[in-house]
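Below is the structure I would like to discuss, written out as structure tokens.
Chain naming follows the written order as A, B, C and D, and within any one chain the residues start at number 1.
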């Protein structure tokens, strides 16, 4: 049991616990805060995998932007949150059973794969090569089509979301 | 001899030897070194705030033709210490209905997110906390944690004005993050790395000379992210209540205060590092201790300019602030990236003097162009509130004797 | 490889620890005399009206939305910026298209009035 | 160092928790958060396999990272549009409980 393994176990434990809290707490704001903690935990897992770039991007995008967006929409819909009606469906044990079964199935299935027990060794310095990533993203032999498609997807998301969110014919009921 | 050239490394090596000689494993010695170094850096950054508060109050006093603090100690230099001692003994007032955890963790997060930046800044040729390969992105990312702190403060206080203040703060912070990151692409482009040390090492010519337009955008955005005048919309003391920290008292409030001052200095530090060459200067490689001095001088210069901004500029209206960001800075920074990428590639193999001249010319053209565009599309004057012909007191309507001063 | 991140982790703990300790110490030093009026919500002396978790403007949401899109865009641009010095001409033009497409998005938001503070 | 299996199990567990959340919660925004959890689980998997492949084959090998970047883009777009839809639905119907949003029910 090395120090890194201990760190991994602690971080994974906290992450999974926070994830369970996300899906089970009643107050939605608390759910968002638990989500932030889960995302931080995932970022630390990325660091242990030596993907520094994506660890930081995880914090920048998922915590800095996405969870703030979720938080804002929670506050936007805040009147609904105060109600104390049950937040989960009645037969919650059925999905729990399905999820647990799926987990068992997944782990069993993965264990069949011979590479499952591989111990990850430390990669040489600079394996998380951002410049190489840039090359591959841009080059025609690489992923230029997904790259440009990503830009179009972002454009579509921007236009669509603004079109939906700005509702000019809003009925002024209040 | 080695001590005077590079004291920090010298002491570090000495301490490591001492620990290893006392029978500690090299790993353990390394760990103790890391803890000591990090603790020292964080503590000195916190203590620096005390001095910063004095500097800022004194300077603003002078700018406004006042003395500033001048009672406690020579030139009032111990005034912040006295203030600090006082704030330590102030009662914590926790509002009814506050979310205890969120309310208490928010000031800690606000300070920690600013302090974290210091971990990746290189202070001299040899002294850097952590030379991350993604250090610059890390600086931007820890800002996100600070934003979480502000939301927690606003939401945890159970006060609608605090919540409104937090929303405003967040809207301002995230809006100005966009031009900030985009303009920061230019140093990254020319340095070819995300590591802060790498960016400093790449600045044989300071990036502010190669890309003044990007530096300007970055500077404006960083001033806006500090949340100080002229961008202090969130806590405009004279117009709104104090923003997200309204329900805080005692040292919890003080921590937000510390975070703000430290943020101002840290932004100056970041600007000095990525645009003004960081610790670089004549002889800084041979005598790393000079690097501290150069960095301090550059940072102080930038910090002084932010104080000048604060002391002299009037406050923006919130719609003006958002328009400045989304309609001017963001498209401008994107076009800077486009133009600089093109021009940088055109003159990539030219001699330095020619390159710099071309870059300066291009930047001048860009700045003039954006200035012309702003002037041509000047905003319409703000919509008048109420009807146009308001009842105005007029001299002939008023009875003459009711206003004796104006009769003559 | 992990050592800089170890430093960051230690630094993060210390950076949280310092203000927390300061706040705790001040908590011991300071008086504790709470009462109902003092602890009530502060609104410059007025009584609080209505629930404090107010509904807020859509405008904040729209700004966050535009911010999210641009944030992700910059994340995609960063690897390109790092590799910039070694890239060929076509790479620069591809990024031109990339940025122009998103400038189109910004223009749409502008025309739609999403960037106005209302 | 850490066995690959640990990461895969952690990721599978995170995915299943997210799936559970999607199935069990009534609230549309919380369902979105659960979807974020699932996307993060996918990212852990992708990065773990990137690490595995880089150690199996020498030389730069960044395809896994490209996938992660695309997943992040997709997550961002999905959140932007999805939350805008929820807000729009909330404004018209005054609810974000999925069971009540039954516009298409015959």
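Here is the rule we go by: a contact is a pair of C-beta atoms (placed from the backbone, for glycine too) under 8 Å apart; a residue touches a chain by one contact, two chains touch by 3 or more.
Here the structure is a predicted model, which means the values were calculated and not measured.
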{"item": "More contacts between chains, A-C or B-C", "value": "B-C"}
{"item": "Centre-to-centre distance between subunit D and subunit B (centres being mean Cα positions), rounded to whole Å", "value": "34"}
{"item": "Computed distance of Cα centres, subunit C from subunit A, in Å", "value": "17"}
{"item": "Averaged-CA centre spacing for the pair subunit D and subunit C, given as whole angstrom", "value": "21"}
{"item": "Multi-partner residues of subunit D (each touching 2 or more other chains)", "value": "69, 72-73, 76-77, 79-80, 83-84, 87"}
{"item": "Touching two or more other chains - residue numbers and ranges from subunit B", "value": "132, 137-138, 155, 163, 167, 170, 174, 177, 192, 194"}
{"item": "Multi-partner residues of subunit A (at least 2 other chains)", "value": "4, 48, 50, 52-53, 57, 60-61, 64-66, 68-69, 72-73, 75-76, 79, 122-123, 128, 130-133, 137, 150, 154, 157-158, 161-162, 165"}
{"item": "Graph class of chain-chain contacts, one of line, ring, star, complete, other", "value": "other"}
{"item": "Complex interface listing, subunit A residues touching subunit D", "value": "2, 4-5, 8, 12, 15-16, 19-20, 22-23, 28, 31-32, 35, 38-39, 42, 45-46, 48-51, 53-54, 57-58, 61-62, 65-66, 69-70, 73-74, 76-77, 79-80, 85-89, 92, 95-96, 98-100, 102-103, 106-107, 110-111, 115-123, 127-129, 132-133, 136-137, 142-143, 146, 150, 153-154, 156-158, 160-162, 164-165, 167, 170-171"}
{"item": "Residue ranges of subunit B in contact with subunit A within the complex", "value": "102, 132-134, 137-138, 140-145, 147-148, 151-152, 155, 163, 167, 170, 174, 177, 192, 194"}
{"item": "Subunit D residues within the subunit C interface of the complex", "value": "69, 72-73, 76-77, 79-80, 83-84, 87"}
{"item": "In the complex with subunit B, residue positions of subunit C that touch it", "value": "3-8, 10-12, 14-16, 18-20, 22-23, 25-27, 29-34, 36, 38-44, 48, 50, 52-54, 56-57, 59-60, 63-64, 66-67, 70-71, 74, 77-78, 81-86, 89, 92, 95-96, 99, 102-103, 106, 109-110, 115-117"}
{"item": "Touching residues on subunit B, where the partner in the complex is subunit C", "value": "30-31, 34-35, 37-39, 41-43, 46, 87-97, 104, 107-109, 111-112, 115-116, 118-120, 129-132, 137-138, 155, 158-161, 163-164, 167, 170-171, 174-175, 177-178, 181-182, 185, 188-190, 192-194, 241, 246-247, 250-252, 255, 258, 318-319, 322-323, 326-327, 330-331, 334, 337-338, 341-342, 344-345, 348"}
